[in-house]
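The two complexes that follow have chain A in common; it is paired with chain B in the first and with chain C in the second.
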Partner chain A sequence: MAEVSLRNLRKTYGGVTAVEGVNLDIAKGELIVLLGPSGCGKSTTLRMVAGLESISGGELFIGGRDVTNLEPKDRDIAMVFQNYALYPHKTIRANLGFGLKMRGMTTADTARRVDEVAEMLAITHLLDRKPRQLSGGQMQRVALGRALVRDPAVFLLDEPLSNLDAKLRVRMREEIALLQKRIGKAMVYVTHDQTEAMTLADRIVIMRDGHVQQIGAPLEVYDRPRNVFVAGFIGSPEMNLFPAEIGEGRLRMGPSDDLSLPVPSGAPDGPVIAGVRPEALFVAGEGIPFAVRAVEQLGSQTLLIGRIGEHQLRVMEDRRDDIRAGDTVHVSADPAGIHLFDKETELRLALSASAEPARD
Partner chain B sequence: MTTASRRPLARIGLYLAAIAIALYSAFPIYWMVSSSLRPTQEMLLNPTLVPTELTLQYYYSLLAQTDYPRQFLNSLIVALSTVVLTMFLSVMIAYGVTRQRIRGKKAIIAGMLYAYMFPPLLLAIPLYAMFTKVGLNDTLFSLVISHLTMTMPLGVWFLWGFFKAMPFELEEAAMVDGCTRLGAFLRVVLPLSVPGLVTVAIFAFLLSWTDYTFALVMIGSDVNKTVPLGLASMIGAFDLRWGDIMAGSTLIAMPLFIAFILLSRYFVQGLTAGAVKG
Partner chain C sequence: MTRWMLPAFLAVGVIVTLVLIVGPAVYAVSLSFFDLPSLTSDPVWVGLAKYQAVLASAEFWNALWNGIVYAGLAIVLQVVLGISFALVLHQPFRGRALVRGMAFLPYLLPTVIAVLTFKWMVDGSLGIVTILMDDWGLPPIYWFETEQAAMISVILISVWLWTPFVTTTFLAGLQTVPTQLYEAARVDGAGPVRRFFHVTLPVLRPILTVIVLLRGVWMFNKFDVIWLTTGGGPLGATEHLPILSYRTAFALYDIGTGAAVATISFLFLSLAVFLYFRAFPMEDDA
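Right after this comes the complex of A and B.
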């Protein structure tokens, strides 16, 4: 049975709809990432689950109980805030123990639990300090610890890593993933960073303008984006998206015949929006002429930025050092790596199953 | 700091200026205290910088022969009531306008500041008329209410800045941790606001304790006079007892000194915290 169930959850402010009908079942031990650009409603959704925003419509169940109209304190949740929100006037020990104390746990039990969690997060030596004496990474650990001690049904994390520098962010991301597997509780994680979403999530919920765009496992949304928005949002570097025309079994990018790519079988003729990931394009002996305008060395890979006709495209190659800005090379694509979307609705076009990339 | 330590001359100049300013502000206070302690002869004819002979005769006569103790008590009642009401009301209003979606909250805040800009006398006369209508004229309570017109805008304005700078997530974290809204406010917001609360309390006390204008308009009878009013009435046409006045003034200043000494740490914190947003 689902640990957390969102049934048609809605949020409106006055006449403005911030979140429109989110449906989601989260299993025990599952890590769900809410992903989207700022203002898409992902934080609002999380805050509705937390009880920090009232729910305008729909129902919310946590651990089988209807908690739609309950206070945050009665929902069996714990939350980690973007700015950590540690109580500045309390020691780390008191910060960690506060929630337990509020729930009437005895002093001895609280101390034991705080020590356990502090050890798990390697912050035992910080217990008697105040939050302002801690570094960003340490505060992040304490914030996680404050959620962990409570042992709730679901953990809610609102962009927990966005105040950390890049290196620390990657390390904490790994730690959160390991921790979550170890404690085996449901977790809802909000971020605007698609890399975080891809690396952490069991399932990603991609949102835009208050609407859920797609829900799926990381590789599922990567391989089969349901619409143009998801296609552009998931993946780094971004997917190349451009208007094109399908005819005579080719995908035409421009007026002249040589600007065309092979097309997946089963694609209907007519105007489409085409999407090709940079890694699905490759430099070949023959293909479309590609005017390289910039070369970015990423270490193990090389990113070429250039133009085909009037479209700017990116091509990801394995590491190579023989192409310079200003060169013209020829590129081609694997037909299976080409995504086609309806020009009007921007939805993914249905193709015959054989042409789809394998799912696992 | 670092530039000053690298250039000793600038540092010396800074110290000299600070000392000059300190002397300039402290001397009248010193003179008031020393005058209250020296005999009349010496004070009027031949005042030296340091009194040669000390006496407590003014304090005796002030406390034993005048209404001063009664007035002191009146002042204390009014000032403390003003402080309590100011704290209670301005905390609620300031918290409300920072944390709730209230229609026209900008107008509330602006209106508060606007009211603060009126000279007390302009408010005192219509207020007096109103108090007379409801039968509150010449009471200490009427004085408390009129003092609130000065202290409340200040308190709300100040605490508004204070609460605004405090991240809302702290309360949300407390609510997730098991507090009610009120519990989060009492356990997290208030303890963190102590510097601001102390500052507002001191200012409210100061304004009420030293007020002369409102007391002059509101209070008629001798029993209800406050200290500033009583002291002023000592300055008669034929009789001017400087010693008693200085002793009275010293006693007026005493609670303020004590409050500042005890609470100066919070007070300075509060001033900077309210002024500079984190």
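Right after this comes the complex of A and C.
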């Protein structure tokens, strides 16, 4: 039985639909990431689960109970907000204990529980301070602590790391992942950062304009994006996407014969949208001429940005010191690394099973 | 900016302040050390005699007490009503902008208009309130004729006039409270009342501290409402220090004593403000 169940969840404001028919079952201990650009409905969906937005249609179950119309406090959830939302005038101790106090827990029990969680998050030394005496990372821990103290069935996190600097964000991301495995509760995590989604999620829910685009494990959506939008959104650097034509067993990128790549077997002839990840392209002795316009050194890897015909493409190589902007090199691709999408519907083209792209 | 510009610009402000504020204040205080039956007669130095006389008079203590009652009750009512209105006006509803504008109107009225309107409404024979109460079979209220009713009436008028100040200031403050704090409190299980006491009030405490201070000082020094309604009567029931000072100086022509009352009033208020800041520091304890 799923811990959290979203059944055709909808949100409309006046005549405008913000979220359309989200269906999702979340198991106990599962970390779900809602991912998408701003305005895609991911936060609205989370807030509907929290009870901070009313549900316009559909049903929501938490722990087997229908909570569609219940107040947030009666849903057995806890939430971490983007700006932490710590009570500025209360000490950290009081911040952590507030939810328990509101629920009528005795002072002694509250104190014990707060101490436990503070120890787990290594914030015991901060308990008597006020929020504004804390750094961003410390406030983030307290915000997590306030959710942990309550020991709810499901944790809801709304872009919890977006106010932290890049380095701290990576560290807190790791901590959240470890913490979630340790407590074994369901967690729903909203972000617009695909790296966060890839690294944290058991399953990613990718949304756009209020619609769910794809639900799957990180490598599943990376390897088999269901449509052009998911293909472009997941993966960093972005997948190269360009219109092309399949004919005579080649993927033609332009009018002349030499601008073509091998195609996965089973691909139908005709116009398509092709997608190749930068890391699926490689510099080779022969292949398509690739006019390098910029070289980005990332340390262990080198990103080449250049043109093939009229398309701008990115090629990710292991570290290369010998290629300069202005050079022309030849690139090729493994047919298994080429994704094909319908030109009209932008949906992934079904190929015969043996030819499915897969990473080795 | 050349070297002489800074002192030159400062000098303008300093001179204006000296001539218009410091000068008259020092002059007024100095008057309290003289016997001065009229503004044209020669002052006679009497030292602290006027202060001794004032502190020994029952009239002074009565006026001080009246001032405290008047200012105290008026502030409490203004703050409680003002915050309540602000909370209502903070909720979204149709025509909110219009209602917000109307709620501010009383504050824009000249006191004399408000007072005359009120007096007219409760007029013993023609007043709309009198007529309505008579229609409903209620006994007449002698708004300004009995001692307690007079005090309540001047307080009511003051509350009506100046509650909008509290409402508007508090409403402006309400709009700065982060929405996420309320949402966090909702998730934590706090209902509307607890959200008010655990989020709104603590976050807006600095604003509230200033509101109470300003309203307190203004009400304690408020002259026009009482002067225009009861003139301090009946039998001194609504006479507070500003009225006493004015009456002593310009009705009894004892300018020295009037100045002494004003000076004591000023010292008392300074002490009260000092204690207030001690009790409610503007800065949160760090």
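Here, the second predicted complex is superposed on the first by the 357 of 360 C-alpha atoms of A that agree within 3 Å, B and C clash if a C-alpha of one lies under 4 Å from a C-alpha of the other, contacts with A are read in each partner's own complex, and residues count from 1 in each chain.
Everything that follows uses one rule, which is that a contact is a pair of C-beta atoms (placed from the backbone, for glycine too) under 8 Å apart; a residue touches a chain by one contact, two chains touch by 3 or more.
What you are looking at is a predicted structure, and each value in this text was computed from that prediction instead of being measured.
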Chain A as common anchor, with chain B and chain C clashing or fitting: clash
First, second, both or neither for A:A85, with chain B first and chain C second: both
Partner chain(s) touched by A:M139 [first = chain B, second = chain C, both, neither]: neither
Footprint overlap on chain A, where chain B in one structure and chain C in the other make contact: 50-52, 71-73, 77-79, 81-83, 85-89, 98-99, 102-103, 146, 150
List of chain B residues in touch with chain A within their complex: 167, 169-170, 172-180, 183, 188, 191-192
Of all residues in chain A, those that touch chain C in their complex: 50-52, 71-73, 77-79, 81-83, 85-90, 98-99, 102-103, 130, 133, 146, 150
Residues of chain C defined as touching chain A within the complex: 178, 180-181, 183-190, 194, 198-199, 202-203, 205, 284, 286
Residue ranges of chain A in contact with chain B within the complex: 50-52, 71-73, 77-79, 81-83, 85-89, 98-99, 102-103, 146, 150
